[in-house]
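Letters A, B, C and D name the chains as they come in the text, with residue numbers starting at 1 for each one.
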Amino acid sequence: MKPSLEVKIHNLVLKNPVMTASGTFGYGPEFEDFFDPSTLGGIFVKGTTGKLRQGNPYPRMAETPMGMLNAVGLQNKGVDGFINDIYPRIKHYHTNLIVNVSGSTIEEYIEVAEKINSLDHVPAIELNISCPNVKEGGMAFGTSCPSAAAVTRAVREVYQKTLIVKLSPNVTSIAEIAQAVEGEGADAVSVINTLLGMAINAETRRPVLSTVTGGLSGPAIKPVALRMVWQTANAIKIPVIGLGGIMTASDAIEFILAGATAVQVGTANFIDPAVCPKIIEGIEDYLIRHGIDNIKSLISGLNIN
Amino acid sequence: MKPSLEVKIHNLVLKNPVMTASGTFGYGPEFEDFFDPSTLGGIFVKGTTGKLRQGNPYPRMAETPMGMLNAVGLQNKGVDGFINDIYPRIKHYHTNLIVNVSGSTIEEYIEVAEKINSLDHVPAIELNISCPNVKEGGMAFGTSCPSAAAVTRAVREVYQKTLIVKLSPNVTSIAEIAQAVEGEGADAVSVINTLLGMAINAETRRPVLSTVTGGLSGPAIKPVALRMVWQTANAIKIPVIGLGGIMTASDAIEFILAGATAVQVGTANFIDPAVCPKIIEGIEDYLIRHGIDNIKSLISGLNIN
Amino acid sequence: MRKFIHDFHVVENRDLNPGHFVLTLKPDVELTPIFPGQFTEVRVDGSANTFLRRPLSIHDVDYKANTVTLLVQKKGDGTNRLASMKYGETVNLVYPLGNCFHIGSSGERALLVGGGCGVAPLLYLGKVLAKSGIHVTTLMGARTEEYIMEAELYKRYGELLITTEDGKAGTKGYVIHHEIWRERNFSFDRVYTCGPDPMMKAVARLAARHHVPCEVSLEQTMACGVGACLCCVVETNEGNKCTCTDGPVFDPNNLINWL
Amino acid sequence: MRKFIHDFHVVENRDLNPGHFVLTLKPDVELTPIFPGQFTEVRVDGSANTFLRRPLSIHDVDYKANTVTLLVQKKGDGTNRLASMKYGETVNLVYPLGNCFHIGSSGERALLVGGGCGVAPLLYLGKVLAKSGIHVTTLMGARTEEYIMEAELYKRYGELLITTEDGKAGTKGYVIHHEIWRERNFSFDRVYTCGPDPMMKAVARLAARHHVPCEVSLEQTMACGVGACLCCVVETNEGNKCTCTDGPVFDPNNLINWL
């Protein structure tokens, strides 16, 4: 018998726990040549703001040991652009489309959330209070309990469907921030966004990124992400979606054992655009090999004795 | 003409800016077969506590993508063991011997610092308020401004030579912690200790480390370390000693450009036990190639325009 | 154009000079159609410091032999690892990526200007242009004689002009110093260029002065190569565009600060 | 013993069975003296997932040919990369590391017990023992007949006994099931063992029952191999000891929870 890969995040039913991380999978069509996005548990689309944004100047990327820094800075067509130009092209996907909602002010988060609330085929949003790449706001909201609580509360008031908050790893205690947003009615948290990092070109004596600092992602951050998922899952009751450096099915299983109900795959999509179906298959193989008939029994299944 | 590699950290004169990081170079003799430790700018010896400690149970190590987690947990012979058994074997080194002072209580830090104060050939200590691997204390001191200030103040009262404080990267704002210890009379800061991480064996569904979490080091953390050195150097006036993932001369130069006056090499010693002389040589080559006659002119030399 | 991820086998790895080599690669399946100017994202296995794929232009395509060829400059760890690849080893490619050069009408005269390893995409371009009945002139700028690459191959599709910095071969100077640009010599309907940005800018300005259309091929650093990460942007009149999907070939008229 | 960091060249890479291979390595300089039981830390280049060096026992030393030999089990990325190494490729070794087996006096009888790739250090040990006039008996435990490794070589230095799990070759069962352990057969002055911990513990207990000294060779995970990181500890009667410098060879009487 095939094992069940289905998990639930609040009201969302995911056919499998593998989703793609915001900013690393475009909107889905970019990967249609490689596999059918409908096979995913969900798609977190690129960070969406109130108005169209050009993002940061080039260069926006630096390769690092087993990772990369990005300073894209939320380039996107704005929420109206998303609704008019992009949504019609992807709403037929048989998967959970989740919009990553970003902003500089609480008002902007509210504006975007309200507009997305009306889209039938978007059952959830992910509040990005952790983007390290825009000067005004973004990460600042995610690095203190009061501000994280404030933006969650404001959005909760206008948004009725599943509300996921994406947490920043650049904090002393991610568990406390998680508790703060849980207290304001968040339905789940995503852990983690990128670690703030920096790259320098020794030869030119200049920063590699136009913004000097940027967000670190990829396998390099996996140990930190895993630790934060574990700490967060032990501190709150709502589900945790784990991400940070997942490249393989084994990585995904580790996050699930640490307490994640589902996972997101980010930077790995750049190395292998067809990695997600491989991860899904690998999880299924793992379950069969270990004689487990339901993935749910692996969640928080870490044996620490 | 040979360029000058000499730098100063408060009263310490370093013949070159390359030192070895605490816990990664033993006490020096371990590497004598590979090169003469006296060629280093300095040696930070293993974390030293009031009493002998056995450290954490095995397993204490997990390899990660371009890094490693350790949970050694301050195994050491205690300050008296250091003074009686080890110090006599290394005090003849013609370099700066710096003792990494660790503890669980402020009293323990004071006890160790006082005893080390009397050693003629130890011109400085490094207060380790950032060890993630011992339950009681350690990192806890380094993750809030008041506690970091308190332990610095207490040790400053009893310790007259150069006082370096080693900061934890597991905080929201490392610059604020740096300012707090600067305010209490620290003469320099070391940035960074290990990032708290975790590793899981998916097959056994167990943590790899006996302590579940451990400290992440190696090239994986370099982008975060570099960012923190830059933020710290911009926030304080005392010198910053940079470390985290340095493997090559170019890495060392990047830290110096970001604001470090000197650097420490840690995990790289495991990959190439003779890496330090290569880094020193590489820095010299860089200076010659760039027509720079004094390394001091590179410190904070990052051109961000 | 549908994109694929395929394993290719190294059929040949040929050194051109101390800094450049040519890799000929063959997949197990049939090659998909590739257009001049397109590139591939190459996964470099066995290089600890090469995490991301490496974008490389398609240098040549041989549908009969079912091979693609890459002309690569040894730059850092990634390209040096590729340089060490031996017959039979496997490389994984995502291809074909990006847009392509515009192919004009039969009888036109095209000038292809390449500098350094920027000549890479111009061989396949010359081949396709020649096949389309277009008169091809390739102007190749090399540092020294040693760095003139595959002259015989380029000559197959038209005239080959050369500049070297010391003048030991061809005209002395950079590509823009070649006499072909003088008013009385210039007789082209279209200019294509690939190479360092300053060279391409100078070429684009010369083309503009001669009032002929020009296309430039950019090399912004890339993470994904498929339009997902938005790392490879270039500023255009219509806002930021992705070099990997909207390019790598652009009309310099649309690029900010180019003309 | 002075430690060195040297580049070695692959002289031979020989498959023993699907899971094991033997690498013969030669440095440009003269080999330093190596004692049985010592190991080397091998830098594995060209494997993105292998950051740390890999500790491997010295399987054999040939001072005349100036080579060392490693017997390696393909476990993960690191050992699989080593398995792919070809003649002439370079590997960097830190060696010789650790303590060594105790060599008794001429005329003694030694039993060497190896399980799986734990047989690795026993070949060189047998060689040195035999040279010292000690009677060597090697007891090798293999999963199946296919996994009996280099039987002919071990036989050069003494008797070779074998156990396999299915009994198709030698005695059926594990090494501890061999009849050599029966009171009337046991005639050894010393036991050496290397293999999985549970096997070594069982062997150590049998040796204790026969009242002969025993030495076990541990394989704790290591980062530095030179006593600097304190990652490779094992609990002993005198507190934590480093397997890389105080070991890998230990007297099981000194290890906590071993007898």
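In this section, contacts are C-beta pairs under 8 Å (C-beta built on N, C-alpha and C of every residue); 3 or more make two chains touch, one makes a residue touch a chain.
This is a predicted model, so every value here is computed, not measured.
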(Q) By the touch criterion stated at the start, how many steps lie between chain B and chain C on the shortest route? (A) 2
**Q.** Identity of the chain that, by mean CA position, is farthest from chain A
**A.** D
Q) How many angstrom lie between the CA centroids of chain A and chain B, rounded to a whole number? A) 34
**Q.** Rounded Å distance, chain C centre to chain D centre (Cα mean)
**A.** 54
(Q) Taking the mean of the CA coordinates per chain, how far is chain B from chain D in Å? (A) 36
Q) What parts of chain D, by residue number, touch at least two of the other chains? A) 48, 51
Q) By residue number and range, which residues of chain B touch two or more other chains? A) 64-67, 218-219
Q.
So with touch defined the way it is at the top, what topology do the chains form here? Options are line, ring, star, complete, other.
A. ring
Q) Using the touch rule from the top of the page, what pairs of chains touch, sorted by label? A) A-B, A-C, B-D, C-D
Q) In the complex of these two chains, what residues of chain C are touching chain D? A) 45-48, 50-51, 81
(Q) Taking the touch rule as given, give the residues of chain D at its contact with chain B in the complex, in rising order. (A) 2-5, 43, 49, 51-53, 94, 220-235, 239-240, 245
(Q) For the complex, give me every residue of chain B touching chain D. (A) 23-26, 30-31, 33-34, 46, 54-55, 57-61, 63-68, 70, 72, 75, 218-219, 267, 269-274
Q: Could you pull out which chain B residues touch chain A in their complex?
A: 62, 64-67, 69, 143-144, 170-172, 195-200, 202, 204-207, 212-213, 216, 218-224, 226-227, 230, 245, 250, 253-254, 257-258, 286, 298, 301-304
